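Next come the structures, one after another.
Two complexes follow with subunit A in common, the first pairing it with subunit B and the second with subunit C.
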Partner chain A sequence: MLNTYMELVRIRFLMMLAYRVKYYSGIIIYSLNIGVYYFLWMAIYGENSSLNGTTPVQMATYVAVAWMSRAFYFNNLDREIAAEIRDGTVAIQLIRPYHYILVKCFQGLGEGIFRLLLFSAPGLFLVSLVFPIQLPTGVEDWGWFVLSLVFAFVINSQVNVITGLMAFFIMNNTGLIRGKRVLVDLLSGLLIPIHLFPEWAGKILAFLPFQGISYMPSTILSRGLPTSEIIQFLGIQMLWLILLLIPIQLLWMTARRRLIVQGG
Partner chain B sequence: MRSIEAKGLTKDFKVYQSRSGLKGAFRDLLNRKYRMIRAVDHINLSIEQGEIVGYIGENGAGKSTTIKMLTGILEPTSGTLQVNGYDPHREREQFVRTIGVVFGQRSQLWWDIAVRESFRLLKKLYRIPDDSYRQHLDRLVEVLEIGSFLDQPVRKLSLGQRMRCELAAALLHRPRLLFLDEPTIGLDVLVKENIRHFLKQVNKEYGTTILLTTHDLSDIEALCSRVVMLDQGKIIYDGDLERLRSQWGDGRRLILELKDEISLSALNERSHGLALRWEGEGTRFVAHMENGTGVSDVLSRLVPAVTVREMKIEEATTEDIVRRIYREGITHHA
Partner chain C sequence: MFYVRLFFHYWMQYLKIRMEYRSDFFVQLVTDLMFQGVNLVFIIVVFSHTADLSGWSREEVIFIYGYFLVPFSLFASFFNLWDFNERYIIKGELDRVLTRPAHSLFQVILETMTPESLSGGITGLLVMGWAGWKMGLELSWYDPLLFILFVLGGGAIYAGIYILLTSISLFSDSKTDIQPIMFNVGNYGRYPVDVYNKVIRTVLTWVIPFAFVGFYPASFFLNEERWMTLALLTPVVGLVWLYLGIKVWNWGIRNYRGAGN
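Let's turn to the complex of A and B:
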């Protein structure tokens, strides 16, 4: 069973290798983003040595880690699913002996692992040479971070799957997909760490799944939290991971029943 | 066990209609009008293991919708359906292991990776054991002659090459039932011939049931012992090809070029008592002969009186017959 899905990860890995140019341009874009946000935050700090209890070094680390994590958890599952529904390729997927959604997620994982190995890891190393960031050296911190990052990947994929499946109901959901991307980048704490949001906004975000996508893993690695708080973070991520399965299952079941294959 | 057993199989689609104009567009936002379309209407179909069945009908007759229900892609609106002993939609994941599908218009191979990699992935998906995989693949590669481009990505193959790979992909896991939706669309004569030959072989060797939809009736003639014809979602003919021909075929036409001019009435007089109808004037005549009338009977009546310079016998092709049925509907004949 797992063997089958791992094969899909491998195939996606091969396909990513086939389109290398896209990958090189990605490196430039991510480096630019890290640079821009680093200088932006340093300008905000000015002469201050702390912002809401966060030092400039912690902030720089947060920016670097958050963007490099994004390279791993980010995928285009929403666009892929929507496209397959729109052009009818989903029919081909349904004559194969596997679970469509699960397959999509594993393809996303293949893409994520590709970028993690060839992009995030070397990228983080390079950034640590250029900018004054401070990564923890303990195995334990890295272990928690990896776990949290895996959860982040799953939650983000789930959000993408939900957005993509909406194409069954709204044939053209390109706008929805674009809006979702901006919203996730903002609400997940990628652009601004959640503890720097105004208090009322922070309270609302605490009840949304997005914090588990970027804020939680990046905070674990950049600020050195006490273990009890880390476990609380992971608990929240796990809760969302399970809760999000419900709308996916509902959408998928309704969609299968309402499916009209486009184009003959 | 029967391959396919469908009773009262029906599929309705909801089709949304948009109102015209700007005002209509705003009204559509709040309250959309739709109407139901019955694409497949109470179909009864029973296909035995090992049959090759041609499924024909005009565009929009409901062929593809039926295939999509039979393969578990679409859920029937009503009716019962058993394919290979499974309910295709409800038990999809187990069911699809027992079937192979080729959609002529869509590729089921992975576009960006080599054909061989696609096959490997399918092997994993269908959990085919190593030795049986290698053996079977070798055989498919040999018969379909696809060995020379196994290492190329699918997007670089020609249509004929791709289609042969698709067939191999659909048969890798030795399905008991093979669905082919327009498998020869856009292919040249030689490739078509190869594919037909191959399908016959598969059917004979493994006893694979084949259900084939096509617009190319020569496919049907070459392969199928049985034809199911669909019109507006209903089955209008189900039986062998021979009966279709004898029942709806117009019989043969005898075309004559005579040496001397002769009048129509004189010809009619000559062939009096034979079941035929003359047409033409001067030296060119066509005899529309009903079934049962022999060419020799007609000639033996004519030869003593007129000299025949040229003669040609024409038989209605399946295509003619089917075209006529599409145009006139079966009710005229039944």
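Let's turn to the complex of A and C:
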């Protein structure tokens, strides 16, 4: 069974290789993103040498790591699922002997691995040459980071699946999908690290799953946390990973019953 | 005249569709507001850590953002070319459009418009008004006129760039996905450009001139002398890019062979 899914990862990986324009444009855009946020944050620092205990170098590292991680965890599962629901191809998917949502997630994984190997890794190296960032050298830090990043991928995919499945209930959910993307970028800590939010907002965000998408992995790599805190981060991520399965299962069960495919 | 009538008919048709799916309309409005809210939150959080951004105060940055929303809402309403590739090339809708006696781009725009996005412009005016009032900004008699010119110019820049990007689909039917990514870049034009270094500043001014959509014209109303010339260039840059976009589109249409079914 696992072989089937691994094959999906491989096919998506190869598909990504075929669409090279997307790849090149992605590199330009991501470096521009990192550049813009780097300069914005440096302007915010101005003369200050620390914001809430974060130095400018740590901030620069955070920006670079957060964007490069985004290249890995980001996928369009929501759009793909919504499109398949709208044009009815989901009906064919349903009669095939695999789990539709799992298939989607593994396709997303193929996409993510492609960007991780050919994009994030060389990108992070290049960025470290251009901007003054400081990456840890210990194997242990990187190990924790990778683990946290994998969790981040799963949580983000789960959020995407939930948004995509909403198409069963709201026929035209492109607005919802775009809104979700913007909201996730903010609430996950990609644009502003969560510890720099005002206190009340930070408290709310601590009760949301989005912190596990960007803030946690990026912080682990950029700020050198003590192991106990890292374990706590990973625990929170794991908790959300399990909790998010519930709405997905509920949505999926009601959705399948509601499915109406027009024409055919 | 023909085009005006066509516009009117499409508009009525659109309203009918919208009345049919009212919940979608509502969702769209809410997500638009959320979108604008997120950006304001970013600015507000940032200014809780610093008093100024390269010499620009919080109210000034908010003013620039409010201004940016106005030309952006124009663009968002009439240039919804996001799924052009999917809908018109892969599904072959463009063939239908091409058999009709009106300019193809005009038809595509009318078929994909979402005029409710203009609500973003109102939000923008309110945000601008609030920031301007906070700073005690004074208006001259020619400011409203220039405002309209600048807004049209900014909208034209956005439109030109996106028409250009969309035209790529006419040459190759593979998906590019540049548009959504470009969407991010467009947002950088609404921060003061003196925050950035030379490379990014040049890119935002001359390569993909998003700084003309937000920052340059807005700084004009903030009575900033340094960018005066660039601000006044906004309508010109807009015309150039819109012209470029339409040229490439027409060229692409001549080249278009259809994806086959």
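As a convention for this text, the second predicted complex is superposed on the first by the 264 of 264 C-alpha atoms of A that agree within 3 Å, B and C clash if a C-alpha of one lies under 4 Å from a C-alpha of the other, contacts with A are read in each partner's own complex, and residues count from 1 in each chain.
The rule is simple: contacts are C-beta pairs under 8 Å (C-beta built on N, C-alpha and C of every residue); 3 or more make two chains touch, one makes a residue touch a chain.
Small disclaimer: the values here were computed from a predicted structure and weren't measured.
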Item to check | Which of subunit B and subunit C A:N173 touches, first, second, both or neither | outcome: second
Checklist entry - Just subunit B (first), just subunit C (second), both, or neither: which does A:F39 touch? => result second
Next on the checklist: Under the stated touch criterion, which partner chain does A:I192 make contact with: subunit B (first), subunit C (second), both, or neither?
Outcome noted: second
Next on the checklist: Between subunit B and subunit C, whom does A:P97 touch in the aligned arrangement: first, second, both, or neither?
Outcome noted: first
Next on the checklist: Quick one: is A:R256 in contact with subunit B, with subunit C, with both, or with neither? Answer first, second, both or neither.
Outcome noted: first
Checklist entry - Is A:G53 contacted by the first partner subunit B, the second partner subunit C, both or neither? => result neither
Checklist entry - Of subunit B and subunit C, which one touches more residues of subunit A? => result C
Checklist entry - Which parts of subunit A are in contact with subunit B and also with subunit C? => result 18-19
Next on the checklist: Per the contact definition, I'd like the list of subunit B residues that touch subunit A in the complex.
Outcome noted: 13, 64, 68, 71-75, 89, 92-94, 96-97, 99, 101, 103, 105-108, 110, 112-113, 117, 120-121, 124-127, 153
Checklist entry - In the complex formed with subunit B, which residues of subunit A make contact? => result 3-4, 7-8, 11, 14-15, 18-19, 88-89, 91-92, 94-99, 256-257, 259-261, 264
Next on the checklist: Which residues of subunit C touch subunit A once you look at their complex with the stated criterion?
Outcome noted: 21, 23-24, 27-28, 30-32, 34-35, 38, 41-42, 45-46, 48-50, 52-54, 82, 86, 174-178, 181-182, 184-185, 188, 191, 195-197, 199-200, 203
Item to check | List of subunit A residues in touch with subunit C within their complex | outcome: 18-19, 21-22, 25-26, 29, 32-33, 35-36, 39-40, 43-46, 48, 51-52, 83, 170-176, 178-179, 182-183, 185-186, 191-192, 196-198, 201
